[in-house]
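Two complexes, one shared chain (chain A), two partners (chain B, chain C).
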Partner chain A sequence: MNSIIDDIRAAARQLLADGKVDVVIGYEKGSLPLKSTPCFLRSPQDADKLIWDETCENNLATYAATTAGKKAIIAKGCDSRALMVLLQENQLVRDDLYIIGVSCPGVIDKNKIEAETGEIIEATITDGKVSVKGILCDKEYNFTDVKDAYCQTCRYPNPVLVDLKIGGTVEAPQSDFSDVLALENNSAEERKAYFKEQMSKCIRCYACRNACPMCYCQECFVDCNAPKWLTGGVDTAENLLFQTGRALHLAGRCVECGACSRACPQGVDIRALSRKVNKDVKEMYNHESGISEDIKPALNVYSADDPEEFLVKE
Partner chain B sequence: MGESQVNTETKAYEPKIAAFLCNWCSYAGADLAGVGRFQYPATIRTIRVPCSGRINPLYILKAMANGADGVLVSGCHPGDCHYMSGNYVARRKFALIDSLLKHVGLEEGRVNFSWVSAAEGVRFAEVVKGVTERVAALGPNTGVFKVDGGGTDE
Partner chain C sequence: MKISKEKFGQSFDALTAEYQVVAPVSEAGAVNFKAAKSFSEVKQDYLNSKLPPKSLLFPQHEKLLSYVKDGKDITVKNELKVGKTVLFGIRPCDAKAMLLLDKVFKNDQYRDPYYFDRRDNTVIVGLACNKIAPTCFCSSMGISPACSEGSDLLLIDLGDSYNVEVITEKGKDLLAGLGELAELSAEEQAIVDTVKSAQTTSKVDVSTITAKLDKMFDNSYWDTLHEKCLGCNACSFSCPTCHCFDISEEVTKNEGSRVRTWDACMAPLFTLHGSGHNPRDKKKTRWRQRMMHKFNYFVHNNGDIACVGCGRCIKGCPVNMDIRQAIDGVNKAEVVVD
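What follows is the complex of A and B.
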């Protein structure tokens, strides 16, 4: 990936020097190993801070609407899809946006590694190998084995909307909804038990919501006092209400970037809910969010012959 | 909606069902059932909404969190919406809600969707009968969304 970073830095430097943009939103090295952190560059000298590797896991579209002025954004496939949805929903002005598109081979799921090695003390990534020095043990991984679950089923690793494309393209893996099907094939009781277990882990810190590029409501339903959707108590049922409520808010909008799951400190399987909704949206309305400017969000349109299997049988 | 309701005469369990009815069709249908004196079980608690398109998925979840044993959502037949397309956009939402709730393990029959027009008083009574039977068969709400203590601290 490393000739790419020179091009990214050069592009960022040029854009800032020419005054085409006020800020470049990209990634810099984080304070922890295998973590990058979003950064906001405002002067050309800072461009060398930018990095580009398999740790660039945040969805930068999250910061697009809240950053004032003209901005350039470094966008992976999912970031660009998120930007597309935000543009469709009139959250962004296209003229204020300069998208530096980079194809993405996937990002590392740090939680997967830490489950084995304990807290990571040191890590290096070279040629598709991730060497980790952990508190419990040292281990070397193939990148493909520790790739995030979302990236493994990602159908759009190449940016869909760009002003400047850097680097080559990545071949999109073939993927279906077999992960959802596997869960669907379980009995209702098994699924109930599965989600109960997952929801019992949730501490409702709302890190998933904060990391999500689509969660931009000025007042989220979880913060709303009248009506009070959630009481703030510790309750598995309320956790499920939050997670399903959020999944339904993202219906036809979720771009499957996985920022929510990676942000989760408790390892809740948020993906199980969002993938199910995405599968339904794809099957019922043949819609995938943010892949084209011409396709309207699935829940903004309708057709006279939409499926009606949900009606009560009389 | 704390403790479950029992019929005073027959001592049989009667579910409590939150019924979200659209103002223009289903609510008028319920009204017609009343005016026409078509009997149906007194299990529903009607909540009148301007349009089925106004129904937020959270209404359904919160009703169950607060202890409703079942939910009935009803609006105009597709094509008959007072606001032209409200029930069409609602239909897409309902299909996703229904599918996701079943996926997370909610029993089939807890949440029910139907179209009832203002002229279908008899049918409204039939729908409520059917929904009541299904929910009664499932028993009191102990489901995935039921919050202990009623889900409200107000």
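What follows is the complex of A and C.
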């Protein structure tokens, strides 16, 4: 992806130099191997800090509403979808936003690598190969084998809303909901056992919620104490209530960026829940969030022609 | 002196009759401290546990007392249950962290019974680090990968046996029942010497940080440090020294309990007053608090930095906030003198 970086830097430099934006939100090199870190640039001289590669895993749309002033945001396909939903939900002012869109071949699932190599000491990405020196062993991977699970089923790697598009387009992987079907086909007992194990890992740090661009409620239901929906308990049942509650709040809004799963320090399979909800929304409402400005969020529209029986008609 | 792992394992299994033995166990893809019934469950070659062992003494969610109301009668029940525990295999950073937590839960005016009744009934068997992770920086925090501070016994893994070092009387008593000790071979002594002299490769300079922070409350450094932080609790909950908590009532119709739950300074709710006022309503002030508490206030109050260099917050952060860089930033910040 790296020939693209010069164009991203040039665009950021120009936007800041011309005073068109106050801040450029992008990625810079992180302190850990295979990890980038979000950065906020306010001076044209800083544009060279920007990077663009398979480690740019955070969804920068999360910062859009909380960063003051006019901002340019580097947006992958999923990030641009998130920005679109935020605009549709009146959380952002379009004129304050400049979207630098970049097509995305996917990001690395570092956890998958570290499960084998142990903590990564050094790593390089060259020509689709990821070479890792780990504390347990050294290993070389094909990028496609260690691509984040969300990216493997991503249908929108190309930004859907841009002010400036940089680089070429990426072919969207063929994907269906076979991953959800596989889980659905398990027996109730097997699914219960699976989610019980997953939820036992959750420490309720809320990294998933805070990394999610769509989780912007001023008061999250888990923090509300009148009424108190949840205790501070960290048992499996309470954790499941939090995770399913969050997944349902995202019905028709989740853009499948995977920021929640990648943020989770405990490796909880949050994706299993969000994919199921997204499959249901697709089947029931034929809706995918944030793919067009003309399509309103599935659960935000009212139609007198709604075929559902519950709709009261004269 | 050394003890063979075979003998140690038998003693470990026997200990579980008298003690709750908590050890590093692999579960759901991660190594954490859990009650183990047999030495065979213990994960030997782990770098460090995903979560710190502090929850053993200071659980994330703990009932302090419970009550039942029957008309005008109220029955209150103390929920503190304490048994004898052996905490096996904790790393020197986490053992040192226990000493720091001790300072929080006991001072000249108060001894927290929930923490200390457990603490006093716990024997800590530390296990030195033969492997050092790139995110470890304990050597900069006054300890080292084979530091004995906080352990009652310190073990060094020699392959088929452990080198055993008695640190406290408690450790001596425990060791008496563990089995016979043997002399180290020259090769084994060499391993011990190597582990004992090892240092972390990652380092930070905290030599002047406390004094520097004295003058930095209004510094512009805080204006940008926090920007990428998401304000989650991943760093605090994975920190072996973070100890802030919330006390609340969990009540149903006629019964309830008073519970203590981990809280974290990175969350806006942490300082939200009942009036709606929030004295730390910005990420900027919350990050300043995190740095000040660990590297300044705790030092003034308790004489130690409240960080042991375990690196868990670095590994767990979703946006790669790195405490080593934050420390470096403080060192480099310009202080304007009036």
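Operating definition for what follows: the second predicted complex is superposed on the first by the 301 of 314 C-alpha atoms of A that agree within 3 Å, B and C clash if a C-alpha of one lies under 4 Å from a C-alpha of the other, contacts with A are read in each partner's own complex, and residues count from 1 in each chain.
Definition applied: a contact is a pair of C-beta atoms (placed from the backbone, for glycine too) under 8 Å apart; a residue touches a chain by one contact, two chains touch by 3 or more.
If you're wondering where the values come from, they're calculated on a predicted model, not measured in any experiment.
> Taking the superposition as given, does A:S36 touch the first partner, chain B, the second, chain C, both, or neither?
second
> Should A:T244 be classified as contacting the first partner (chain B), the second (chain C), both, or neither?
Touch status of A:T244: first partner only.
> Applying the document's definition of touch, where does A:Y302 land relative to chain B and chain C: first, second, both, or neither?
First partner only.
> Given the touch rule stated above, what does A:G233 touch, chain B (first), chain C (second), both, or neither?
both
> In the overlay, answer first, second, both or neither for which of chain B and chain C A:A193 touches.
first
> After lining up the shared chain so the two structures overlap, which partner does A:A211 touch, if you call chain B first and chain C second: first, second, both or neither?
The second partner, chain C, only.
> From the superposed pair, tell me which chain A residues show up as contacts to chain B and also as contacts to chain C.
Of chain A, residues 228, 231-233 contact chain B in one complex and chain C in the other.
> What residues on chain A touch chain B, complex-wise?
So the residues of chain A touching chain B come out as 183-184, 188-189, 191-196, 221, 227-229, 231-233, 235, 237-238, 240-241, 244-245, 247-249, 251, 273, 276-277, 280-281, 284-285, 298-300, 302-304, 306-312, 314.
> Going by the contact rule set out above, which residues of chain A touch chain C in the complex?
Residues in contact with chain C: 30-32, 35-40, 58, 62-63, 67, 115, 118-121, 135, 197-198, 200-201, 203-207, 209-211, 223, 225, 228, 231-234, 259, 262-267.
> Hey, which residues of chain B end up touching chain A in the complex?
57-58, 61-62, 65, 78-79, 85, 88-89, 91-108, 112-115, 126-127, 130-131, 134, 144-149, 151-154
> Which part of chain C faces chain A closely enough to touch in the complex?
28-30, 47, 50-51, 60-61, 131, 133-135, 224, 227-228, 230-234, 236-238, 246, 248, 250, 259, 261-262, 264, 267, 269, 314-322, 324-325
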